[in-house]
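Two complexes are shown next, each including chain A; its partner changes from chain B in the first to chain C in the second.
Right after this comes the complex of A and B.
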């Protein structure tokens, strides 16, 4: 448990850091409360989770206010345990990035929880769902405030397990539980390098404290090779959690979970953790060899493009959004890969994306809730039946497409223009192409879902207020949060989240903005031209063999399944079975046999030796007693003889010797 | 003044006679009397050594007086036991008094 209360914070601001603690602990407490008492409470304990999250949001806003007023970052920790020379701490590092993330996570989680009141109404495991939502959020908050890598890892892994539980929430269907397993194992593949990255950096710095590791990386106390290796291994973890190529395959399948969960995973928790990790450990990446950031840039560029292409052809509305998330995450990572200048844009995109992606998912959930299908080919014309959902979804789509002045425009434009300014034309070109594709597929989704004639068979109607309320809130935020990073309005976001001592906002260039806007409009226009009217045969099918390639998801799933999963799936159990049958059972049986033989031996020893000894003693005592009893004749005079003989012997003995 | 060895010899004879009486006689009264003989042999020894050592405190003689006193009490108890045995078993033959047998 927590040891002595030794505060090691450089800048002591106990108020700020203890507030951060409360934000982490509240959802965890709520998890336990809901788990144990939820079923006995009205509404299955959902209000505990919502209340806790509202409180967290209030506290987070308070923390953010501290930074809005130009407050200092602070760090505090208590020692947790010690292994040899390594001391592990439990602590919290609260700076601008933390504050922003706290607000994003708690806000999105709050919206999701309120929304779930309607969406999950009547679900068999409603209470458990809320419990895990709380756990999930708490785990993410732990990642956000952690001041050392081990504490971060704890939250990271807790997120892994809670995402597994939530994606497989409707496990009655095999497909869903498979998706949960896939998500868990795929991210786990990334966790292995992540853990090794932690080991490498901990060894390099002699502590797992993030500030200290950054210092070591910056001053060059540890060899560049070690830092580079650490950065690349950490990025392995980010690849898994943030669904970058080649481990992106789990995210679209994770759509099997309830839609609010998708919103949570895609906007605030889980996938954001990978990007956040890169942001948090940014010093390490910057001071590692060039290969580190180059790798990040390549992975991000490839991911953003192939995911955007995949998003174009999906029929499942949630899968479009899922691939779009993969692509947008790659945007953030690409932003970070641009080096110091890309730090603020990359994380700003993480910030804005959280709002409109949560909005899009929740709106999609509202659509699915009404239409009882995920397939856009069975939707259409929902604009009239669900006006609020339509408006909010359109705002989210426009924000994602990068239409000014919505949130996505500011952050995306910042990344694209920074890429050009930093001379990274490769990233710039791909980001621009991706922006066009993004606008295209979002146009496609909006047209297929909300326009034309209704092609389904139900009677869709607008969702209850508990669902539309969060939609309206998020839609409003998706419109305004972009201005936080708008250079015309002093780019306040850069004051909170910046790399190094000084915030250096990139100058706004109308030329670059024009290029981004033209790209987005181009995508929208093409989308509009192709999907204006409903066609039985999706126009993207004209891509021919390329369509097949996309439909098969570049055959990556097949490669993984046939190349890795199947070869391992059967031989390993068989080997385990063999080991079980032959080696383990053999050992067990041999042990039993040996025990039996041994007990026979012991039995003999028992009967002969031990019993013999006991009986022998008894018999011996009896025999001697039998002999000695003859002395007890009762004849007083004979006793007297013994007495005198004894005295005589003693007398002789004493006098002689 | 009789010399010490004579007295010791006399005492030894007296003691041996007492032992013989205790071990050989069957009559309980005679056994008690033999015990008296042994005690008196001891008394002779005590007085003889007391006189021989010229002990100013007369320890030996005083001790002899104590023995005589205790012996009187012992004989009293002994005879009482003998009477009780006689009343119970109609005999004072010690061979027949073997109640303490195994």
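Right after this comes the complex of A and C.
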């Protein structure tokens, strides 16, 4: 990076941290290479994407190692452009949080790309798919590495367009392109307040540099009102991208995309960005008025509960997982809403969740690939036909349900117990209820999919190694990554990712852990009791009107569609177009008509005195001779003469004025 | 090299005019020769303009470069005063690039009734008018170039246009002429009310710095020039000539109309209205801001209602120019730099969109979205792919050209010049932000209806060619520019800063 300047944290040995920008650049280069040359390469250029990502993962691990060894954060940037008084930079901010996210994103992306070799085999747009996977990952990595909000927004929006392209990958079906548009527009509704938040903070700090903005928030250089406004507006972006209420509606529909894309969206990119943003800008949230974090807490609590309830009744296996993601993202956001104490737990859950959610989606993809359906009512008994998928999916489910010692247990328990310790009983109670529901619906999925008799009509069989390999890797990680946050093992995660100077890990409380475990077991048990044998009528249907409410997704989609989208699609534009044609243009045509009548009235003068002169002028003005007759066909010169005569009169008038 | 310094602009501006004359005297049968001559003259002018860029002193604070100031019509004190600064340069250069690419396109593709001789002569005449407007520093000279543009564009629409061309051409001509009259009136008033009487733009700026016109005179003059420029931009509600003109114009006409012609209006605001009439600009700024934001929201809603693809793109121009005008209305360095960036970006992107729509029409012989019926990606993947790329650039995706201008215009509305109402402009910002959502909405919906889905039966057997070689040649530079401007905003902003600061000095900034 020529001309790079160390801004802060100048330390003797930056390790590999100075290479973070390469991790961003490689996938973007890969995108262009695959787009332009992929089709001429073996395997459609997929190996470029995979190779680039493997290299990125290696560098990311090196960067993480720097922090494992107790290295310090660093920042570097080059000037990008200047506009008026504002200078914008391209830069990287590498701290423990960056390093952890780099590893998560590159690892999950690598798994997804290897997995897609098998899953997308034979797809008509295989090459393009890999190109966009690279773009998608590169955009997320830019969000992770950016040292300023403007650059972050660039990655943020590029992710938006990548998700649009990938969700709509099979665009022959209108349902899929609808889902793609819905994802883009819904998240953009959140992006507009996000953009305004960037304005507020950038103008307050005189730069969009995150470190400088945090400093301004901390030292009170800007009023609390401004910082609060900035925090709330930024959170608007997080609501959109991280699918929180009321903008969560795009995520379940995003299932229209190929399943590896779902894994990428739900684990490493896109939805993780919103939570990451709150973590990255945490100083602003902490130093904003109470209303900021209170809002975050309320949004998160509502989201986690209503999404978990929706997950309970879905028949589409991917939709269960989708709503579960919405709910788990809310867990993370809720963790962050607890203030400084919740910083590490919230982000730890972002970290662990990435592994088991990627695993669950890829395993679900394996099931769908084999059973040729998303509906669990047409599955059943698959554990015998696809044992590896079954085992890995079960590990993922247990991790998500919070069964110790798997990853999800450690991170969820931390959030729940921190909520209690911080005295936020509202968040605590809802988080606990959600934990019970989560265990319940995951048990339901496992039983409906893998147990009982096979209810479909195909011949499901285990997926190829390119697909099961990533499953095994992610399953292994889902077992072990939780220990990184285990207080009994020094909670090393907190050493990497902590707010403020010192990491302060809360002591492990067996009491709280017992509550969490009992909650999870309760959910599993109820699920087991209800679903151990297949029933024609799904037990959740017994919920009656409440079931209908859930089935209609709280009627939120209907309200948006009928209340906002359709009016904006048809009647309002038609009315606008009508005013354009009839009112605005009508006035113009009426004026023209009136002038014409007037000109006919004084035709005599016109013809004798002025017309000849005009023809002469027009000719002299250089209109190529032969074309002159066209001007004769209109009344152009007549109007022109009137206008110019008018000018002359007015000009004389104004000189006397 | 002093000779070069003084004559470069004149050479670049009048080479096309010379070309028009040369082509006009060619025999009718010399079809191929005429097309080559079109390439030669637009190409030569582009080469001159390119050399000028290499010789341009970037970051120079004051004054014009390549300046030439000689007596012209001494009876009325009009002078041939030309020069170039950081504001002129990007638009001046864009003129030569776009016209050259249009000549490349015309080398193979010409709408009915053919007649390349007349077509290219007019196009070259148009080029002189457009380029001249951006370098004129005398109001009369400016006016002559500004009006010179009308004649060739009128004929391009009236002769080579589609079904309703006569109506559209006359409407275009008269509507803009109507505005010009008031603009000229304003210019005359500037002359007579300045001490000493002058048409020189720089001298008038000096005059304004030293107190200048009284406030009431300024308001009156501003009203005049506002009408002239606002119709040209076009600002809401003076935009109704634009969809008709665009829809009927031949492809090259639409490209130049959107790419360059509209900028004559916005450029006029920046070059003339603001620095010469600063007090009136302050008074008028809120009105301009409100009209600009109405344009953004109104145009995007109108786009949602359009069934004709070309008309849709035309309306989208109105919205994008709304962002440009919003930036100008804030009277801030950020806003005006954003506006110039937006002008160039819109020229490149929308110019490209009109090329594509023209080519879609060449293949499908319809512009009705419903008749195209989707599935274009299946039939002509390259054409559909670059259409998607350009549409996505137009909806303001970061990393592509459309983003910086919109983002920075909204940012400038968040903190407008101190003398303007912060509350009002923040409200405008919010509506502008809503406009960006609607913009994304109509573009993605259009792509869904044109590009995606399965191909209707009626096109299955039709032989529709994908992008041809000459199309690639004409388009590739624009596609590269769309990416390059997004990744390196400095290409424009590195040029404009100092000149914009110069313009705003009169506001005491």
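Criterion: the second predicted complex is superposed on the first by the 554 of 657 C-alpha atoms of A that agree within 3 Å, B and C clash if a C-alpha of one lies under 4 Å from a C-alpha of the other, contacts with A are read in each partner's own complex, and residues count from 1 in each chain.
By definition in this document, contacts are C-beta pairs under 8 Å (C-beta built on N, C-alpha and C of every residue); 3 or more make two chains touch, one makes a residue touch a chain.
This is a predicted model, so every value here is computed, not measured.
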item: Partner chain in contact with A:592 - chain B first, chain C second, else both or neither; value: second
item: Which of chain B and chain C A:195 touches, first, second, both or neither; value: second
item: Touched partner set for A:168, first chain B, second chain C, both or neither; value: second
item: Touching partner for A:569 - first (chain B), second (chain C), both, neither; value: second
item: Touching both chain B and chain C, residues of chain A; value: 630, 633-636, 640, 644
item: Chain A residues touching chain C - in the complex, by the definition given at the top; value: 80-86, 153-154, 157-158, 161, 164, 168, 171-172, 174, 177-178, 180-181, 184-185, 188-189, 192-193, 195-196, 199-200, 202-203, 568-569, 572-574, 576-577, 580, 584-585, 588, 592, 621-624, 626-627, 630, 633-636, 639-640, 643-644, 646-647, 650-651, 654-655
item: Chain B residues touching chain A - in the complex, by the definition given at the top; value: 19, 22-24, 31, 94-95, 97-102
item: Interface residues, chain A side, partner chain B - complex; value: 629-630, 632-637, 640-641, 644
item: In the complex, chain C residues that touch chain A; value: 20, 24, 118, 121-122, 125, 151, 154-155, 158-159, 166, 169-171, 173-175, 177-178, 181, 184-185, 188-189, 192, 237, 239-241, 298, 301-306, 332-334, 337-338, 375, 377-378, 392, 397-399, 403, 407-408, 410-412, 414-415, 429-430, 433-434, 436-438, 440-441, 444-445, 448, 451-454, 488-490, 493-494, 497, 500
